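Structures given as structure tokens follow.
Two complexes come next, and they have one chain in common, chain A, joined by chain B in the first and chain C in the second.
Our next item is the complex of A and B:
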């Protein structure tokens, strides 16, 4: 049975290893799609709608086409078609410089007939609201109703009840490298695309389909990628159109979205509003849960969220609808549906516990079926100093009040089949690992090197890892859902083991030892039963001559595990005069399975916590009901965490077993509830709508006084 | 639902022109140039003659002759510029991220001070010494802050990293022993979305010990 071996036997796996791409990234040498400059390259731009809903009556490209330096103008929306949200693509241009491209799109004239629109959920759900989708009466999908147990019987057993409404607004991904591509046709039948994507093969297949080409005549390259968070899977409109511009002009074209377009059309996390009534028994069991909720995923997408979440609720009824608005669609965003669900559930848990007069942590212990989280509660409580929390919320003295809260989360992250890889040992002793995954910043490149180096007794820097290129035809899935490492690592491990076996077979006669008795370590192959029999790595591989060893691997589910649990504790300080909230410390206890690289795993946890912090305290997409436009489609007014917001973060890699699990999404989930509960513990007034901004704090404090 | 008639204050038709991206200009056919957008037109009109000139820039100790328009930013020259011999400058370490001086992705040093290269016109950068992230290392010897970023994993996707590296180097050149608070202030002009901040702080502290 395949295994990663014991921790004591691991020289590299589980240690803190700096990532292989570090040097290129700190010197500016790392080339992202945005940095690709091809000979003769043109610059593409897209004209987007500034209106939210309209019929297109006319499009005039002639002035743009006549501008010197413009090489191609293409119309994307047809006359007679509808524009359904701000940012929708109207036309695209390719020009000699980016400035000329910018000039050109301003010369395109679009004649539209504006239609009534709704851009907020409140407006969309209002009686007599303009109907923006023919298939959704009242701009709402049919309710999705689920029932389990007997909710009425449940409420009869309840000693206490809480009824509350929780809300999280739309959040945007804010990938620092915007979506975009560089497209270049070698000839009419062969296309190369540098793509800022989480899935080179997905982009390849989509473009091959769009241009009616065999998949092996489209090559997609993503050497480095500047953030995706779930929003960068397909080529998108911009990817297909840049390939078209390149085909028309016969020149390479680069087209990256503007920061504004990135907010408008490149995805977002849907909003959530849930009205919950829940009951608990006097001995502290949640017994009944009745939730009616909605959210918007934009003009034609859903808004799923988890409710209830994590804790066991025997009797429950949930009813959800999706609301359509004239705004760009949502896309998967780091743990889709989980953070918002966790915020509502963890807030509810604390409210129930308070009504019962129970310690919120004890209440969780009673209702949480996860053994892993039970252990994490103990560890996290110690780390944060849970005993220091206010036993009476808001009881702290002074203007600045501190509080402590807890939140929980869970995720899958078990990976799956669909990765092909080759590990090659060359005669000169060099080693290559090639696979079609892509390093979106998580450090999979380094994880691959660690696995191969561990197997061969080499250093990670001895391994050349080639990822982010569909060219070699070694397929792998998209990097999302925390699936990358558990999908890729087992294949690399078995490929490396197979290559090592082949090398041993070649060397065995010379060492006069059975293959099973051979080991490799410290650049030397040796025989366990007779340590005098050794051969240096390069001498061994030198005998391969023209026949280098190249082996594939198999995904092996014994090498990975699904489902992870996480718990976080937050300490905050709230200034009751200004409403400002400072997060003092977050303790993140994250179930990680086997961390291939502890250093980059800690980075993932830090990053998840910080993204969760942003959602809890800062981030919100503002739509203007009057103009139908997004008001904060930039980085000044759309607030993401900066240096001043960063608390002390204690990232605890909670690795209880030796199987690989992905950890990209889970650490961003428990943060919201932990912070919201800590704010309540500090000020004694609950804020049920994220982000918890100073104005909400002051309003809540004022309402409490009044 | 907003009412367009009310918004424009005239009894015009809903039929309207939509002109240009980002300009927010929507003009009605029967009432030309009625602006309903919230964003003001500030850029030169498309197609206007744009003055250009050949200038010299000193980047990472090397002189470059480049032809630029009046509107060309320093960042555009570094990333997309060509010297007069037709060679790409291709210093793509500095990134355009927010395009308006908010995120620090394009941070470079001009005469030793950090500058947002997206906010500086190339013409204004004449007669200065420009240092980009590519110019921090001494040949193969990395600047201590670069080493520290690698060792502490102060980067994930790495897109903001060049800006943070330059800002950190500038901070350490002014204050060799910054406190955590001083590091936060010194790097407050830079934004990371992956959430590398804690390890960036560690890297700056660690590098400060070697300065």
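Our next item is the complex of A and C:
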């Protein structure tokens, strides 16, 4: 049975290894798609709609086409098409400079017949609201109703009840590198695309289909990637159109989205509003849960959320609808549906506990079926100093009040089949690992080097890792769902093991020892039963001559595990005169199985916490009902955490077993509930709508006083 | 942005000539450019000519002596924030300067530009929204999303003035020197700013052919304490939800004179004579400071989303007053 071996045997795996690309990234040497410049390259821009809902009655490209320096103009919408949201693509240009391209799109004349629109859920759900989807009466999908147990019987057993409405607004991904591509045709049949993507093979297959090419005549390269969070699968409209512009002009074209377009059309996390009534028994069991909720994913569906979440609820009824608005569509965003569900559930848990007069942590212990989280509660409570919390919320003295809260989360992250890889040992002793995955910032490049180096007794920096290129034809899946490491690591491990086996077989006659008796460590192959028999790595590989060893690997289910649990504790300080919230500390206890690289695993947890903090305290998309436009499609009024917002983060890698599980998504989930509950513990007034901004704190305190 | 010609200024006379017949927006001045460049890129402004003021000799620098402070319009925000005399004797100004934006912006943004910067309103900054400030019919904040808008002096345009330096300088009793076709003139900085009722399109009295060249601050009185309190949603960069520039001349715990100027709550820096009246001549304690806060906002008229600013401003004024006693 394949295994990662015992921790005591690991020289590299599970240790803290600096990211291989770290130096290049901080010195600016690393080239992202945005940095790719090709000889003779043109610049692409897309004209987007500023109206939210309209019929297109005319498009005139002639003035743009006549502008000197413009090499191609293509129309994306046809007369008779409908515009359904601000930012929708109308036409695209390629020009000698980015400035000319920007001027050119402003010369395109678009005539539209504006239609009534709705851009907020409130407006969409209003009686007599304009109907914006033919298939959804009242702009709402058919309710998705689920029932389990007997809800009425449940409420009859309840000693306490809580009824409340929880809300999280739409959040956008805010990838630091916006979406975009550089496209270049070698000839009419061969296309190369540098893409800012989470899935080089997905982009390859999509473009091959769009241009009717064999897949091996499209090459997609993603050397470094500036953030995707679920929004960068597939080439998108901009990717297909830039390839078209490159084909028409016969020149490479770069087209990256503007920050504004990034907010408008490159995906978002749907909103959530849930009205929930829940009951608990006098001995602290949640016994009944009745939830009616909605959310919007734009004009599309996809506004799901987890409810109830994590805790065991025997009797429940849930009813969800999607609401359509004339706004750009949602895309998967880091743990889709979980953070918003976790915020509501963890808030509800605390509210029920308070009604019962129970410590919220004890209440969780009773209702949480996860043994892992039970252990995490103990550890996290100790780390944050749970005993220091206000036993009476808001009872702290002074203007600045502190509070402590807890939240929970869960995720899958077990990976799967579909990755091909090759590990090659060359005669000069160099080692290469090649696979079609991509490093979207999570550190898979370094993890691959660690696994191979561990197997060969080398250092991670000795391994040349080639990822982010579909050229070698070694397929791997998109990096989403926290699946990358558990999908890729087992294949690399078995490929490296197979290559080592081959090398041993070649050297065995010389060492006069059976292969099973051979080991490698510290750049030397040796024989276990006779330590005098050794051969240096380079001398051994030198005998390969022209016959490099190159082995593929197999995904092995035994090397990975699905499902992780996480718990976070937050300490906050609330200035009751200004409403400002400072997060003092977050303790994040994250179940993750075997951490191939403890350092980058901690980085993932840190990043998740920061993203969760942003959703809890800062981020919100503002849609204006008067104009149909997004008011904060920038980074001035769409506020993301900066250095001042980032607290002390204690990331605890809670590795309970020696199998690999992904942790890209789960650490952003428990943060919201932990912070919201900490704010309540500090001020004694509950804010049920995220983000918890100063206006809400001040209004809530004022309402409490009145 | 639209194309424009670019002129490096060589003298104030040359600038005056270039500006002489221009209308608003035709010929524009650029120094640090931290505000103007964004307006150009968003097509909010489309000048034919830009005059680069950074090449003007002698318009930057801080002179601190017995006559007070003289600060050239081209002095960077960073230089104001770190100037030792300003830090010690005009604390409110150093604190206001240090609170602005980011180090990168403070390093290039200038005093003149900070005073003359345009509103941050999200309707005004959207090219396609033709709001009242840009010659349209309505101020969209009235029925729209107004979280960041004015609670005082708004009618009919509910922008807030975004400057941090202006409230601090007004609280210190500063004057501004302006050069125009008729030569130079000096006026209290407080009178420089105007409300939309007087002119919905501009935020100050400057004419298209005038230029701010200098700010003068009278000498700091002994026993003066001053503070700049700025509430915002994130540490940096962020504009004020509300701010208070407060200068107190104290005799023990008694306030001999107080100067209270609010930022982020009105279309112009808002001098709160009401709060000053409560504090002047009084022994400052919790009751008095609370009253000052309450009086500072007694005429506030919040919009749909910004009633919190009333509470916030009130609390900041009270807090500043209490700080004077410690």
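Basically, the second predicted complex is superposed on the first by the 706 of 706 C-alpha atoms of A that agree within 3 Å, B and C clash if a C-alpha of one lies under 4 Å from a C-alpha of the other, contacts with A are read in each partner's own complex, and residues count from 1 in each chain.
Keep in mind that, in the parts below, a residue touches a chain if its C-beta (ideal position, glycine included) is under 8 Å from a C-beta of that chain, and two chains touch if they have at least 3 such contacts.
In this text the structure is predicted, and so the values were computed from the model without any measurement.
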| item | value |
| --- | --- |
| Contacts of A:105 with chain B and chain C, given as first, second, both or neither | first |
| Which superposed partner A:116 touches (first chain B, second chain C, both, neither) | first |
| Touching partner for A:695 - first (chain B), second (chain C), both, neither | second |
| First, second, both or neither for A:580, with chain B first and chain C second | second |
| Contacts of A:441 with chain B and chain C, given as first, second, both or neither | first |
| First (chain B), second (chain C), both or neither touched by A:535 | neither |
| Per-residue contact with chain A, leading partner among chain C and chain B | B |
| Touched partner set for A:641, first chain B, second chain C, both or neither | both |
| Which superposed partner A:258 touches (first chain B, second chain C, both, neither) | first |
| Contacts of A:626 with chain B and chain C, given as first, second, both or neither | both |
| Set of chain A residues, in rising order, touched by both chain B and chain C | 50, 624-627, 629, 636, 641-644 |
| Chain A residues within the chain C interface of the complex | 50, 577-580, 618, 622, 624-627, 629, 631-632, 636-637, 639, 641-645, 693-696, 698-699, 702 |
| Chain C - residues contacting chain A, complex | 120, 122-123, 126, 128-129, 140, 143-145, 147-148, 231-238, 241, 305-309, 311-312, 315-316, 318-319 |
| Complex interface listing, chain A residues touching chain B | 18-19, 21-32, 34-35, 37, 43, 45-51, 54, 57, 63, 67, 90, 97-99, 102-114, 116-118, 123, 129-130, 174-177, 224-227, 229, 258-260, 440-443, 599-600, 602-604, 606-611, 624-629, 634-636, 640-644, 646, 648-649 |
| Residues of chain B touching chain A in the complex | 1-2, 4, 7, 14-24, 26, 29, 36-38, 46-47, 69, 71-72, 76, 79-80, 88, 90-100, 102-103, 105, 132-134, 136-137, 142, 146, 149-151, 153, 155-162, 165, 183-185, 187-188, 190-199, 201 |
